[in-house]
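What follows is a structure written as structure tokens; I'll ask about it next.
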Amino acid sequence: MIRVQAEPFDLAEAFTLQAGRTDVGGLACFIGSVRDLTAGANVTALELQHYPGFTEQTIQRIHDEAAARFDILDQLIVHRYGKMFPGDPIVLVSTISTHREAAFDGARFVMDALKTGAPFWKKEVGPDGERWIEPRSEDYAASARWVDVMAAEGQDS
Amino acid sequence: MIRVQAEPFDLAEAFTLQAGRTDVGGLACFIGSVRDLTAGANVTALELQHYPGFTEQTIQRIHDEAAARFDILDQLIVHRYGKMFPGDPIVLVSTISTHREAAFDGARFVMDALKTGAPFWKKEVGPDGERWIEPRSEDYAASARWVDVMAAEGQDS
Amino acid sequence: MARLLFFGRLADIAGGAERDMPLSPAIGTLTQLREFLAKENSALGEALERPNIRAAINKALAPLRGDFPISDADEIAFMPPLSGG
Amino acid sequence: MARLLFFGRLADIAGGAERDMPLSPAIGTLTQLREFLAKENSALGEALERPNIRAAINKALAPLRGDFPISDADEIAFMPPLSGG
């Protein structure tokens, strides 16, 4: 399931995927939060803009791609938009699988894909004003890595 | 922090690492649970034996190695022993970092290291009796991978 | 009436995140729209020239260059590099 | 009195997970202890020959083969492959 929302989410939602199940060997989850310092600049708030409809649709596509590529039983992606402050969670990704490898791979793939492929735009607010921020070069490299991995495994169709 | 205990643990403990902090960009966590089916055999219970003292000391060493190898701010490893049933969580690993890469790498390293390096012995109980189980060949490969990764990066001393 | 959407820094440059605009017959492709906008606002024109800008027509990605057709009922979005997660 | 600990399947083969045993002067190394145990219980002797068995003396890993010294006050653990997580 995917959700895009302005409201804070409950971190424990990460674990709802495996509630009542006995076929889950591993659950991997990731929480991304606002930091008070990025690239050496102080951050007092972060504003995430999204494109209603298009954002959900794009995240759903990332979700479906993860489901197709990895042996995961289920996954949850929750992403906030709006104004957030240091310490506030922005995104939650959780995956379950019979074994840990697919759970880890799935969660990491989704995070890498969100970083450069999810329609959000981030404005950092700091003591010196506001600035739009873009993915780091490491983020583009991380996304590209999955293309290489899949090509190497001959699974990219 | 590491803990080895017979009692069930609260999954939400995974998130205590980042409580009140504003320097955390990513938290990665993993929960390993008892499955009702392994390698095609039904499982009604899993008994984990440990070696009091030695088990804690070995997990502490894995913890310290993860801290040295990855740019993580903090980590939590909780591992149960004793009799568990399908659906019961066995292990919780949680890591926090400024960026997601180190958090993911740290959590995965710890899990891979626990699988083949933590002093526990597992007995599966099923309808056909009991059997001791050992790591899968994939588990040994996963542990060995980190040695290769570190050697390739020239960080293994 | 077409609806133009500018995201991220593009909204600052365009002077607003949304704009409703009738498309004259002379503006029948994304490239023609970009050229029209560049004439009005050269900073916006330059910003839309950058290679990492994406466009979506009615919430489907569309090539920003070339003669991708647009019509007067379309929602046309201009997006700088995405940054989720 | 030395304390022997057998973990996992080794406890089944040894007939118990723990055993307190005085070490005679003839049993001064891990190899000599293994040989002694093998004479008593050939199945255990064979199990301890397997290359994936580890030993720990007073909770520190020790090489199972060779002349690693042991003494009458030691806690000596024999461990089949570890499987955590």
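Here the chain labels run A, B, C and D in written order, and each chain numbers its own residues starting at 1.
Here, contacts are C-beta pairs under 8 Å (C-beta built on N, C-alpha and C of every residue); 3 or more make two chains touch, one makes a residue touch a chain.
Nothing here was measured: the structure is a model prediction, and the numbers come from that model.
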Would you kindly count the fewest steps from subunit C to subunit D, each step being a jump to a chain that touches the current one? 3
Greatest centre-to-centre gap (Cα means) from subunit A is with chain D
Using mean CA coordinates as chain centres, what's the gap between subunit A and subunit C in Å? 27
Taking each chain's centre as the mean of its CA atoms, subunit A sits from subunit B at a distance in Å of 23
Distance between the centres, which are taken as Cα means, of subunit C and subunit B, whole angstrom: 49
What are the residue numbers in subunit D that touch two or more other chains? 85
Provide the list of subunit B residues touching at least two other chains, using ranges where the numbers run on. 32, 100, 111
Interchain contacts, given as pairs of chains that touch: A-B, A-C, B-D
List the residues on subunit A that touch subunit C in their complex, please. 32, 49, 51, 53-54, 57, 59, 79, 90-91, 111, 114-123, 132-135, 139
Which of the residues in subunit C end up touching subunit A in this complex? 5, 7-9, 12, 56, 59, 77, 79-85
Can you list the subunit A residues touching subunit B in their complex? 11-12, 14-15, 18, 20-37, 86-87, 98-101, 103-104, 107-108, 111, 138, 142
